[in-house]
């Protein structure tokens, strides 16, 4: 028996990445793919790479309204924030469908922070308490039983996985945390803008939304604070790399008194034992090591004669940073092997 | 005494390239830079690379209407076809200003071909006879006296410079000419589209407008026919390369009976003696050899045991393929050293 | 029962690509991976992306000599030409192992052509007659029973798949064939040279080995001649594209009298019915359409008012152009589902 | 009267960049270009982009020995460290020639630090006291009279220019300085290695020599300590960006009590008034803003509600980070207009 799944907003970059993974997943039957702007268009016209990979019956994009008449086992929403919360509401109400929302709508537990960050009222604040933040390795227990999983942002995943065990165990101090993160261009989404124009991106490197302006910061702060058991206010500086995919975060932290890099590794090994997608490594990881894989890898270096450690973390922003983790969460929610469709 | 120049549509890619060259040109005083969509915006906001390079007085974009109140010695139009012809009309009428039009509006002598190619009536067919096709090395004589020069397309320049002397001298046959051309993404212009989105261009190579659909083909055919003294119908296949700038054309031709590759080189050496920007070379040229330079370089190889020759031609589509040749034409028109501002 | 396989020369780019595919193949057990220069090195040190993907027992590279003591069901040789023929000899003699040779050693049936092309005596000319050229869709019948399959070059596959059915059926003429091909840099192999240095490749496009110098040309000519039933002497011009992977071939051909583009498509549809990896398409294919896939796709355009057709063909040079086709041949040789491990 | 200059090691990436600039410099006559590995080779064979740009008399590379028989006004050494100090010795002794050394040999005043960093004895420690660190804007006074200028490393220039005025004025604290720097691949030099192979660099982003291992760190620390009037021990993390050129440094610093971002800007404006190549800017600079320019640009952002500031600094590692600054130093040494040949 395969599980039926639908994808809302299937023509964005996370949508096509999710489909790339789903067509190989042995436990899934794709029920439909939807797009408001391209209803009726064959999916392969939009992404020729998936020609002949989608079952004939679902190879054409349907409208959101048509999608909402159905009740598949699971729906992945690849819609933008604000739009997503409303679009998944009918599924959450049908008593059957479970939802993995890749948008930001349910990532923040604190409604006020959401409304400040995204500059509009939350469409369904009554659901915030029930939503689970889908950082798979950290919140697995709650994801198992969840009806609504808020898939984390790409940057946060690269920062939270290495830091959370260290804060939980008191290996690093919660003060002075700095995450200097670098992302490929696919993180900017499918829309053609000056910021995604080849001529302006290629042979260019830039920082943006420096000093607390990026929307992923509240999500990072909220999760780190939860791990720490008290407020944490990290710095976060995102940068744009002239490549399609990949994130590398360089994280600066102070060791707690008496702790060393060995304690960092021990905490990681304990937290992530038998977790195939969160991997401490010895050699410094590079983004290409995990391209098209669902792994997040991280290593630690201690500055000689200092209590400062530098953590280097990598993932594929389209996979562990988005659609791969969404599928991992799906596997967890439905009691499937966690790696199914992801190796 | 410096010559005053204005630039219409200065915020496109050919506009900024022209400015990059003009700010170094010792004989030029920039009178204004115009943009309809960004009137009043400081130029350095649009292109920070030119910050502090434009004279304070002209560092802000003015409207076309304001521009048209002036009568500089020369105007470069970087506007799109159809719009350009109308915009330069006031200058052509003021009795002083000479115009270099980088659009396609005056490239084709044959009005019917223009109207079929660009799918609209020609805005000023009465000017076609007086316009000179600005392929500098070929039409220098007429450019000298011209009031209106139509700057060639980027692809045509890379194909015409190597082929015209060979057709004129009867070294190659006018039949069976094939130009397989490859261009960097800047050729697609400044507008953000799916076709210029980094994620869809990077790590991708494509052919487009195959089999006679590209708008540069009529221009190529008209010029080759002129050189041949009879109709020539070449094949032309454009391709998109994941790089910012550069064009390489691989041209297949049949030698006339009794001719060899040595005759090809002899014809080139004769046609382009003392011409610094049209350079026959021995080693195969690569696009990077001429990046940010105004040179077009080309080499010949004869297929062993065959009368087929392969010509490989390169140029920078933004320089010799557009703004550099425009400036070269300006130098010729005003009797300046041809290389001024271009070395 | 899984089939045991070994990989000679597993640290080159075709080696790692083959492993990327094999670790997902459900019918294969990797027996060993060998490297002369890196014997004893853990494979994941060389390619961290495969960390934890190889079974512990075979995760370290062994010597060729150690490899040759074994007799797996199949050996893939990713060694360079000349070295490969000698290295696989012990396997060919052991009475059990079947070999897929990714080098050029057995691609050419004509020993004299091989020796001229590769400038050394053929190491084992006695095996030439028994080797099968592994262009899967074309020589499937012979591949099924083969002990030694010579995997085709990357460029030839992109040219032969679209052309062979047309020559066999007399749709295009055997004269005047031109293949203007463009390849990503991985085709140049793993070795660090000026020609693979990022600074000299990036933002550069070049032609090389123009006018019959490339070693893939004899292979192309031999196969086309076989399909035509008489000598064919195509032109072939390779180019280097600043991207990692992908080949696009633009092929110029003359239709036979009375034939049209529709006949081209009909011949393709007939030849490749039910063949998942050779796909005629309507829209012009781009290299990104088939990145990391084993498909070769091709489309046709007829020049209006002319008997000239232009075929545009794409594949991933590392997959259908090398390791993917090798695995496809393996599947065919052992009677497995042809697509196993390749979707 | 033009000044005669020679270039030792002219075939490396800094060598060709220097030549690109020198051929346009109106006050310079190139006396010779040298290369040990390519003596006798025409320069244009190595770098076709400079074909026809070098005077005929010096268009062929000479040996170091031949070069050392001459006494030009200035010699630029583009040789690697250790080799450079010995190679320039004859010029330093001839009583006429002044030297700009682009290697690391004379960058560190402290011999012990040099010997630890570069793991060999200093070839000419007696010259250390007389060498001037060529950070043009900071040490202009001493550069003017210098016979031997040690041109700074590419990373240090991007970090020192924004930080030195702030330390001098006590605007930021000397503790907790972090420079997270990102460089294009040309910083790795001309040699073909795994680290410069297109396939391993493209679509990849990596950190390297994390936690104090990079050789530029002692140079940064020494200069910052000098500005601070006491030891400073910054963190420095270099990263590799898949692009040819450009460095962006993201610098984290703590404001001194009572100071704000406005004080940062004021200190910069004061220190760099009328300095065309060190430019405080308001908008965040990107590397492409300064590509092929000699400018270093930097902006500041203060973290809201915190005393932390983030400085973002960019330069072209080949120009202000190497050959451009070398030429700027030359201009200063010889009393020429500082911008000559650099605009």
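A, B, C and D label the chains in the order they appear, each numbered from 1.
Methods note: a residue touches a chain if its C-beta (ideal position, glycine included) is under 8 Å from a C-beta of that chain, and two chains touch if they have at least 3 such contacts.
Note that the coordinates shown come from a computational prediction; the quantities given were computed from them, not determined experimentally.
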item: Chain whose mean Cα position lies farthest from chain D; value: C
item: Comparison of A-B and A-D by number of C-beta pairs in contact, larger one; value: A-D
item: Centre-of-Cα separation between chain B and chain A, whole angstrom; value: 46
item: Chain centre separation in whole Å, for chain D relative to chain B (CA means); value: 37
item: Distance between the centres, which are taken as Cα means, of chain D and chain A, whole angstrom; value: 40
item: Chain A residues counted as touching two or more neighbouring chains; value: 202-203, 242-244, 286, 288, 291
item: List of chain D residues in touch with chain A within their complex; value: 176, 178, 180, 182, 184, 200, 202-208, 210-212, 233, 235, 237, 239, 241-246, 248, 250, 252, 284, 286-288, 291, 301-304, 306, 308, 310, 312
item: Chain B residues touching chain D - in the complex, by the definition given at the top; value: 24, 45, 48-49, 51-53, 202-203, 276, 279, 281, 283, 285-286, 288-293, 343
item: Interface residues, chain D side, partner chain C - complex; value: 13, 185-186, 190, 192-194, 196-199, 201-203, 242-244
